[in-house]
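What follows are several structures.
There are two complexes below, and they share chain A, which is joined by chain B in the first and by chain C in the second.
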Partner chain A sequence: MNPAQNPDRLKFVYWAILAAVLLLPPLIFENRGYYLRIATLVLMFAGLGGAWNIIGGFANQVSLGHAAFFGVGAYTSTLLLKFFGISPWLGMVAAAVIAGLLSLMIAVPTFRLRGHYFALGTIAFAEVLRVLFLYFKGITEGPVGLSVPYLGDSFWHFQFRGNLGYYFTALTLLSLTCFVAYRVKVGRLGYQLRALSNSHEAAEVVGVDTYRAKLWASLLSSMLTGAWGTFYAQYLYFIDPDTVFGFWTFSVKMAMVVILGGLGTIWGPLVGSAILIPLDEWTSAVFTGNLSAVSRLIYGGLLIALILWQPRGLLFWFTEMSERRRRKRRSLGNPETETGA
Partner chain B sequence: MSEILRLEKVTKRFGGLVAVSAASFAVNQGEILGIIGPNGAGKTTVFNLIVGLHKPTDGRIVFNGREIQGQPPHKIARLGITKTFQTISLFNDMPILDNVVVGALLRHKKVGDAVAEARRTLAKVGFDPDITSSPGDLGLVDRARLEVARALATGPSILLLDEVMAGLTPTEVKVAVEMIRGLRHEGITLMVVEHNMRAIMSLSDRIVAFNHGAKIADGSPEEVSNHPDVIDSYLGADSEYVKR
Partner chain C sequence: MITNFLQAIFNGILTGGVYAVVSVGLSLVFGIVDVVNFAQPEFLMMGMFVAYFLSVATGLDPIMASPLVFLAVFLFGALVQRLLIQRVLNAPLVAQIFLTVAVAMVMVSGAQLLFGADFRSAPTFYTTKAVHLGPFQFNLPQILAFCASSIMALLLWIFMERTDLGRSIKATAQNRTAAILMGINPYRMYVLAFAIGTGLAGAAGAVILPYSYVFPTIGHDWGLIMFTVVVLGGLGSVPGALLAGLIIGVIQSLTSVYFPTQLQNLVVFIVFIVTLAYRPAGLLGR
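Now for the complex of A and B:
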């Protein structure tokens, strides 16, 4: 019995492979090692991409300012911990709420903008926040940055020894992100977002409240991004405005993993992240010292090559390949295929 | 016949250009109202004003006794007025079925119900309800048909069809005319912009003619086609529809 004939069985095989791939790193890599750290960062950027995808991919409203939500999330939980001793887990919830509120504020002026102007508007917002967090030194310590107070390794404090705890936290948060994205995609909102991404006017005329649909997408996207901000702060123990509100460090990178993996897909961000993050780390590690400029050049060059090769994302290439193989098998007249399941 | 929609001195200016100038006419429940006029007469602008894509500069649009001018299109769609686009504007990145599902979601909260409704609507306009291809695979006729299906799935009481027969062969026009008559039998009021005179003359209960943004005639197909201003501006004296 070939599993390819039974869609349920095929699905099970895919899930099993995915689970195995995701559970492998903690088994084969050392807890305090460099590789598990990269694996954790892969999960984090997959999650950030997944969150970004809800507005950037499904609705094709390309935001290049999502670092705004990420940074606000990171600062919210860290400040709550520093000044009030509130557990970062609760801080993460607060981060999501505040990032969500911020997205509603940003929506008012930016949702009038379309295409490139929307992207520019979101960049401006993230930059304004970066400057504000640099300016209010009394609370944020400005450019010096904030260290997350170390309270000892415990689950309640969201502080773990080595990478293992963070890896599984990231895996949980990534599952949540993918679940939300999936529910959006197959639900009412998903249809409306795809419709308006093709034409706002046509969507409106057949009854889609495009403003409201984008508001919901943006709210969910920003809340998840804010929660990931808390994760980052707890993992790195240190945040500063130039990094967490950064254009290159986060805004562009979270869009990048989605574009590389597949816009508007559930698994595209994970595929994109699994390639982009190790590639980034590898080129930085191999070309050091005088060659560090070369590292960026190679990193950029490889990215351009990948995107030129598969402009619709690597996931698209993968599904295309498996589809082609299935068709080939069928055309060969495999008797098993003919009888089906 | 009871009135369902009324335009009262509706004017639309784009900068210095007057696209529609003080247009007044009524639409009756269950009728097929044809709208004719040369290119640039303001027919599509009238449609866009009714469905809310444009705000009138002046005037009132009354639907079932309620002023609707200036409301956003999705609210007007919910009230029961929608249109098809002259420059066909499908959701090209979505499968054919999903295009129609978007429309059906207006009256169905659950996606499953909307999908079932969309399949029924597809069948109604002559598509295979289990179709899996995408709009890009369709020819012009079918693209126009899909526009109609998507609009129909919203469950409108008034449907505005903007040149759905453009580019159709005479045989295809016949099919389209039958389809539109079928919609009226279901109780849908139709407003039809069309340049195909044969089709619009046989289809319409009443015709409104426009020129330079102003209404120049309003009446039965025969009255309108013999109106001197309509002959002058649109039909020409040697038209087969003009009595000599």
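Now for the complex of A and C:
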């Protein structure tokens, strides 16, 4: 029996392939090795992209300041751990809550803005936070950055030897991100967001409270981004304002994986991340010293090429291709389905 | 005390005039092409490098060289618009935003590859000179930069208001269909507007070179100023950008007197956010 004829079985095959792909890296790569580290980073950026996608993709509100939530998340858990010895797992919850509160604050001035203006407004907020975290040295150590105190290989302290523990944490967090994104997409909120992504006015006419819908989307998106911030701090043991609140380092990168993979899709961020992050790591490993800019050059060039070729992302192109092939096969193979329908 | 205050205001006007010309191109491009060019600060960086190498190779003064720099960046901008931006004019917003972000990335890393990350400067004989006027003291390069900026603003105004080509550009922005019916090719106008907008940023880069270092990532430092000026003046409004440039210059200069330097930009950010929140159309927006 051809699996293509049975949608349920096809779905099962897809899930099995996905599970195999995601469980493969820890089996074949060394725990302390470089490759498992890249795989973990792929999961992290897939998760960040998935979180960004909820507001940036579904609602088409292009945020260029998501590093604000990421940075706040990273600093929240690290400061809680440093000053009060609170476990980063609890810190992660606190990070999500504070990032969520921040998103509500940011919503007031930015949600009236449309299109380019929204993008500009979100950039400004991330930059304000970067400047503030640089300035209040007493708490944040300013530009020097904060080191996460090392407390030994312990689950409670969210610190693991090697990459394995982090890989599975990232996988769990990614699953959560995808689940939330999926629920949003197929639920009421998803329809509302899609309606307002075309036109706020039209959505209002059919009874969508656009402010409320954006508020929910932004809240979910920022909370997930904040939680990933904690993950990052624990994984790298070091944070500084210029990195975690950075425009290029996070705001742009987390949106880029989505654009590369597929805007507004569930799996697009994973596809984008799986391409972009290894490419990034590879180019920055190959081109060092004076040539380190080559990495960015390739990156930017790739993005330009992709936007001109497939502005809706690789996943869109892939489904379009397979759809076309299927239609072709159907019209060649068994013509009765065409007439029967 | 009052002298300090007035001195800060005057300094602010001098820098503000430069800010106005640095930013006006961004507003022009948005008003006409309807694209926010996130790579605009990189065109300023490019202008600075062109002026720097002209000065090193031929000894030409950067301010004197600014028309040449304008021309070089103008041509590059025209290419970028024709080959890249033109293709996404009808694409989703994300594609437009990230195309210009990617152009910025390529320009910065290209500059890093070509010129390295060093800070370079092209000192002139007047770089360290100052002018005393009563109790006030002004840096000569800043005065010259202000004068050059004023001339550029004036030329832009004459071009837009008094020449057929400038009027055609404005007509395209106001009503594209009507402009087409009048025999104007809108795409050519877009290329022209984008090239002028980026060229102005480049020429402004040449003008500030006598008192400023040049390095590949200098655009990041200017991005904030540019976007604040443009938003405050009203995205798309050329006179708005000129006025807002002066205002931001004065605000920044005053904060640097009364606040720690690290927080200097914070006030600019707050102006930016408050404008967006309460008057997104800007002071003189459409």
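Basically, the second predicted complex is superposed on the first by the 333 of 341 C-alpha atoms of A that agree within 3 Å, B and C clash if a C-alpha of one lies under 4 Å from a C-alpha of the other, contacts with A are read in each partner's own complex, and residues count from 1 in each chain.
Basically, a contact is a pair of C-beta atoms (placed from the backbone, for glycine too) under 8 Å apart; a residue touches a chain by one contact, two chains touch by 3 or more.
All values derive from a computational prediction rather than experimental measurement.
Contacts of A:Glu201 after superposition: chain B is touched, whereas chain C is not reached. Once chain A of one complex is fitted onto chain A of the other, the partner contacts of A:Arg330 are absent, as it touches neither chain B nor chain C. By the touch criterion stated above, A:Val294 is placed in contact with chain C alone, chain B being left untouched.
In the superposed pair of complexes, A:Arg161 makes contact with neither chain B nor chain C. Once chain A of one complex is fitted onto chain A of the other, the partner contacts of A:Thr210 are limited to chain B, with no touch recorded for chain C. When the two complexes are overlaid on their common chain A, residue A:Gly187 makes contact with chain B while staying clear of chain C.
Which of chain B and chain C touches more residues of chain A: that partner is C.
Those residues of chain A lying in contact with chain B across their complex are 186-188, 191-192, 194-195, 197-199, 201-210.
Chain C contributes residues 30, 36, 84, 87-88, 91-95, 97-99, 101-106, 108-110, 112-113, 116, 216, 220, 224, 227, 231, 235, 260, 262-263, 265-266, 269-270, 272-274, 276-277, 280 to its touches with chain A in the complex. Per the touch definition, chain B reaches chain A in the complex via residues 51-53, 72-74, 77-78, 82-83, 85, 89-94, 98-99, 101-103, 105-106, 109, 111, 114, 150-151, 153-154. Residues 56, 60, 62, 64, 108-110, 112-113, 115-117, 119-121, 123-125, 127-128, 131-132, 134-135, 247-248, 252, 255-256, 259, 263, 290-297, 299-301, 303-304, 307-308, 311-312 of chain A are the ones that touch chain C when the two sit in their complex.
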